[in-house]
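Got some structures for you, see below.
There are two complexes below, and they share chain A, which is joined by chain B in the first and by chain C in the second.
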Partner chain A sequence: MLQKSKPYLLLLPATATIVLLFFGGLFDGLLKSLGYFPAIGKMELDLTAYTGLLGSSDFWESLALTTRVAALSSLIASILGGIIAISLFMLSESAKSGAPRFWQRLFQLPLTIPHLVGGYIIVLLFMQSGFLSKILATAGVIDDISDFPVLVNDPFGWGIIMAYAWKEAPFVSLMIYPVLTRIHSSWRDVSRVFGAKGWQFIREIVLPIIFPAWTIAAFIVFVFTFSAFEVPYLLGVTYPSMLPVYSYQLYTSGTLADRPEALAVNIILAALTILLGLAVYFFSKRWNVLKGWN
Partner chain B sequence: MNDLRIINIKKQFKQTERRGDPAFSLQPIQLTIREGEFFSLLGPSGCGKTTLLKLVAGLLQADSGEIWVGDTNLTKVPSESRKFAMVFQQSLLFPHMSVEDNVAFGLKMQKVGKKQRLDKARAMLERVGLAGYGSRLPDELSGGQQQRVALARALVANPRVLLMDEPFSALDPILREEMRELLGRIQKEFRVTVLFVTHDREEAFYLSDRIGIMNEGELLQVGNARDLYERPASTTAATFLGLKNIIEGTVSDGRFSSIGGNFEFAVNDRFQAGQGFLVLRPEAVELMPNASLPPKGSLHVSGVIQQLRFKHGFYLCKVQVGDEQLECVFSSRQRENATAGQKVDLMVDLKDVWIVEK
Partner chain C sequence: MERRSNLIRLFFFSIVFLVIVFPFLPLLLSSVSFGWQWPNVLPESYSFRAWEYVLAGSSGTWPAVGASLLIAGIVTAVNILLAVPAANALSRNKFTGKWLAEAIIFAPIVIPPFVAVMGIHLTFLRLGLTETIFGVVLAHLSPTLPYMVRAVMISYNTLSVDWEDQARMLGAGPFSRFFHVVLPHLMPGIAAGASLSILISLSQYLITFLIGSGQVVTLPILLFPFISGGDPAIASAYSLLFAGMAILTLLVMDVSLKNYYKNKKASTVKGQQRGVEM
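So, the complex of A and B:
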């Protein structure tokens, strides 16, 4: 009996911590978002925070910005990641040297860099007084650094999109590459003999095979960028702000009365994230990546 | 005529650094395969037959030489434009495509309309005995069925030449036999030119109009199965064809004498004087009835039976003749009068004797 339950007992401290902090925090947030706030004498549960939020234009603008930034980041990261993975695959198919390994390691480099550092790199490179604008101004491409477009702390969110595209593209390629490596090296020969040129091989064989993994990777990037905080906080503007930042702004606004709304934003974010997670799970089951493989 | 002509094709591979293996080279090969012919390249693993096949397919670039089909020089034509088809050792079906999409792949690349190509694919699946399997995925088929699909995929595009690289080697013996019969029937039906690579003598003999024997990057001999078996051009070819009775000796003054002196007989003009090897087919060696005289025009030797083994309806017998060991085939009836350790008289009709120059 003890032998059987030993693994569970060993896992208990970690599990208990996760349950307490994660689910406890979530539950606490849910209660407070429903107005249960003993610190200010509110003990009843109601939906005031949610109705207030849904009636607020700030919330909807924030949601629109969050969706736009998450969608564009995941789209660009997916395209870049796909191109990187396919290029690496074609390179390793054609080259016999260690060059593909070098490029693979190079493309994987952003994976090791924290998001905050990645965001800071974007600031240093792309802000109007950043490296790129100074180089272009020195080279005479632009007259003054103020001519450089506002890409960081801009209302559209280009800085955030760039940071996530750069940071998540290797993640997408990392998700796709193992599927690509399962492509039999002789399939290229088969397709060639049957008349397929290089791009036809990619269109007919490579893309359909990687498509499920690719789509799932894009979903994951979307869900992640949708609820991430640090990069939008560093690279976004004060208004409109992305939902996690909006929640933070409400929470730290100085008035305790705003806190249920701040937590309601978090609960909505968590609910949307769970919904998207379920969608990813549903599709990943439906598009079994290895369907048809021996 | 759309014969496939391989003109002095040569390929030298670089030495592999890690293994330190000697660099493999395919010696210049000259070969014409007639339109509609079933031609097999037969040889041991690593002899260069797959390399030659890939050179013909355009999957490898030759160092020198030319490939022609009829009046068209295909040497510089990329693989995808040669209008060849290939069946590989493994079926190599695309796992994400249904069976009929796999079969129709070549037609799709030729820009044939969807309905037409799927109709053709279904018709071809029926020809290979897989009617109704079109909507399945490859992993829902057995190994033999997958290889049938690969064959259908190759044939449906009406190729100039069908290249086959040991297509049945991964199948079990019964399936292999079935596939052999299917391929033989379909090749005759379609009259497609086939260049078939195998290391299986039986397979090559069963299917081929002509066979080319390869060894260490060289094409040793080309001929039909019977010619090759009865008149091998070298001891290497004879050994690869399973002939074990190879006895060294000399031809001089119209007689062959083995080194040990146990095999001595008159030879006709077709065998030139000099050192050579006597090649005796096991089934040409006959057991002489007791106290009978060898007929005129035959080689006669005496020996002691070393071993008798039953093999598919006959007995394989090893007889020690002086320093040489002869392998011969006895029927069950002959076996009744033979036991291990017994002294026997053997004879071979001189018409069945073959001598290879050293």
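So, the complex of A and C:
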């Protein structure tokens, strides 16, 4: 009996913590998004906040912006991360020394940088009077500050996209690299025997092998960017804002009436991320990404 | 062949420079600049004014660093206590409802934790947990715990039950089995989980701001007004300090883990020698 209940007892502290603090919070938010506010004597539930949201163009614009930014940043991060991982792999193949480990560490640097700092780096680089603009002006490419495109605090979200592309590219390469290290050097030799050039080897052997892990990594970046707050708050504009920022604006706008709407945005956001998360889980199981191939 | 690999290396180094080194240049320059007008690529004059402000006692930097580390430390300690038994159960047992336990524990990786925190905010307010370090610690637990469990699970997966059985046959009780057999093997996983947990806790802004209501001042809270339109030199100095703190924490974890094993190895060798002498 004791043996049977042992795993449950071991799991109890961790699950109880998450259930209480996390699911409790979700449930609390759900109730309040349905207009349950005992503090002001409101006990009945209704869908006012949700119908209000779905009828407002603010919400839809915010959702469109969020999707666009998440899609573009995961796309750019995965291309950049792929290039980094493959060149790291080619380098370790030709160098045969301990150096790649050092490079790997160096490439993980953006991953350890806090998001706010990463965002500020993008501000300093890409704002209209920023470092790049200064370089271009000194080189004579542009004559005036206003010649440099608005890339930070812009309505399209380029600043946010660049910040996440930069921060998450190392993550993508970190996901791909272990798969790459399982490519035996003998495969390279075989491909040479068959007359494959370096680029052909990458296209015919390397890319198909890393494809599943690559897709999953891009998807994880998408889900993560979709629900991020700090960077959009720093690099975005007030309108339209990404969903988490939109929710925060509603929550702190002051009127009690906006709070159920803010929490409704959160619940919709949570539902969307659950769907996306399930999709990641399903595909990674199906493609056996985490286990690799045999 | 030689030329080709040199070409690859050149390509690689230019990527390293563009992606990793170059973005930090304006941050470094700006933190020591004294006026930096467009279109000058370098600041007109340099000064340590920003660093003096940041590192001086009056700016509140050190209490903020202390609060950040205190919160991250408590969160990580609690996480270790919660995660080790949970990881044991998840990676060593098959039982009904296991998928549910996994779904619960790993949910905060997928669902953004600020959703839960905003939901629980008013309840925390009623319980008097807002504006307290304790409240902020509670709020930081769910975004960090899943990573700790995951990291410890990976270590448990490579630890065979045979090892403990062997120790049991040699007469080791449950406590000495755990401290002499299981724990040393789990150390890398715990260290990796702790690094992640500290890193995530250190960089939280929204969650800390909601529950701390501006009264619990961690480094990100102190930093934010500067980077969103404050003095660029001070903002850059704070950013470098913040990033440095995160990197330093990882390095300390790495080094102390290495030392742990070195000491472990040294004491085993000594023990063996003593055994031979006897």
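As a convention for this text, the second predicted complex is superposed on the first by the 265 of 294 C-alpha atoms of A that agree within 3 Å, B and C clash if a C-alpha of one lies under 4 Å from a C-alpha of the other, contacts with A are read in each partner's own complex, and residues count from 1 in each chain.
Assume contacts are C-beta pairs under 8 Å (C-beta built on N, C-alpha and C of every residue); 3 or more make two chains touch, one makes a residue touch a chain.
Worth saying up front: this structure is predicted, and the values here are computed from it rather than measured.
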item: Simultaneous placement of chain C and chain B on chain A, clash or fit; value: fit
item: First (chain B), second (chain C), both or neither touched by A:Gln200; value: first
item: Greater residue coverage of chain A in the superposed arrangement, chain B or chain C; value: C
item: Partner chain(s) touched by A:Phe107 [first = chain B, second = chain C, both, neither]; value: second
item: First, second, both or neither for A:Pro208, with chain B first and chain C second; value: first
item: Spatial angle chain C-chain A-chain B, Cα centroids [nearest 10 degrees]; value: 80
item: Partner chain in contact with A:Val190 - chain B first, chain C second, else both or neither; value: first
item: Touched partner set for A:Leu124, first chain B, second chain C, both or neither; value: second
item: Touching partner for A:Ile83 - first (chain B), second (chain C), both, neither; value: second
item: Minimum Cα separation, chain C to chain B, after superposition on A (Å); value: 9
item: Those residues of chain A which chain B touches in one complex and chain C touches in the other; value: none
item: Touching residues on chain B, where the partner in the complex is chain A; value: 54, 57-59, 78-86, 88, 90, 92, 94-97, 105-106, 108-110, 137-139, 153, 157, 163
item: Partner chain A, residues of chain C touching it in the complex; value: 4-5, 8-9, 11-12, 15-16, 19-20, 23-27, 30, 38-41, 81-83, 85-86, 88-90, 93, 95, 98, 101, 104-105, 107-120, 122-123, 138-139, 141-142, 145-146, 149, 199, 202-203, 205-206, 220, 223-224, 227-228, 232, 235-236, 239, 242-243, 246-247, 250
item: Contact set on chain A toward chain B in their complex; value: 184, 186-187, 189-197, 200, 204-205, 208-209, 291-294
item: Residue ranges of chain A in contact with chain C within the complex; value: 4, 6-11, 13-15, 17-19, 21-30, 32, 39, 80, 83-84, 87-88, 90-91, 94-95, 103, 106-107, 109-110, 112-117, 119-125, 129-131, 133-135, 137-138, 145, 166, 169, 198, 223, 227-230, 233-234, 244, 247-248, 251, 262-263, 266-267, 269-270, 273-274, 276-277
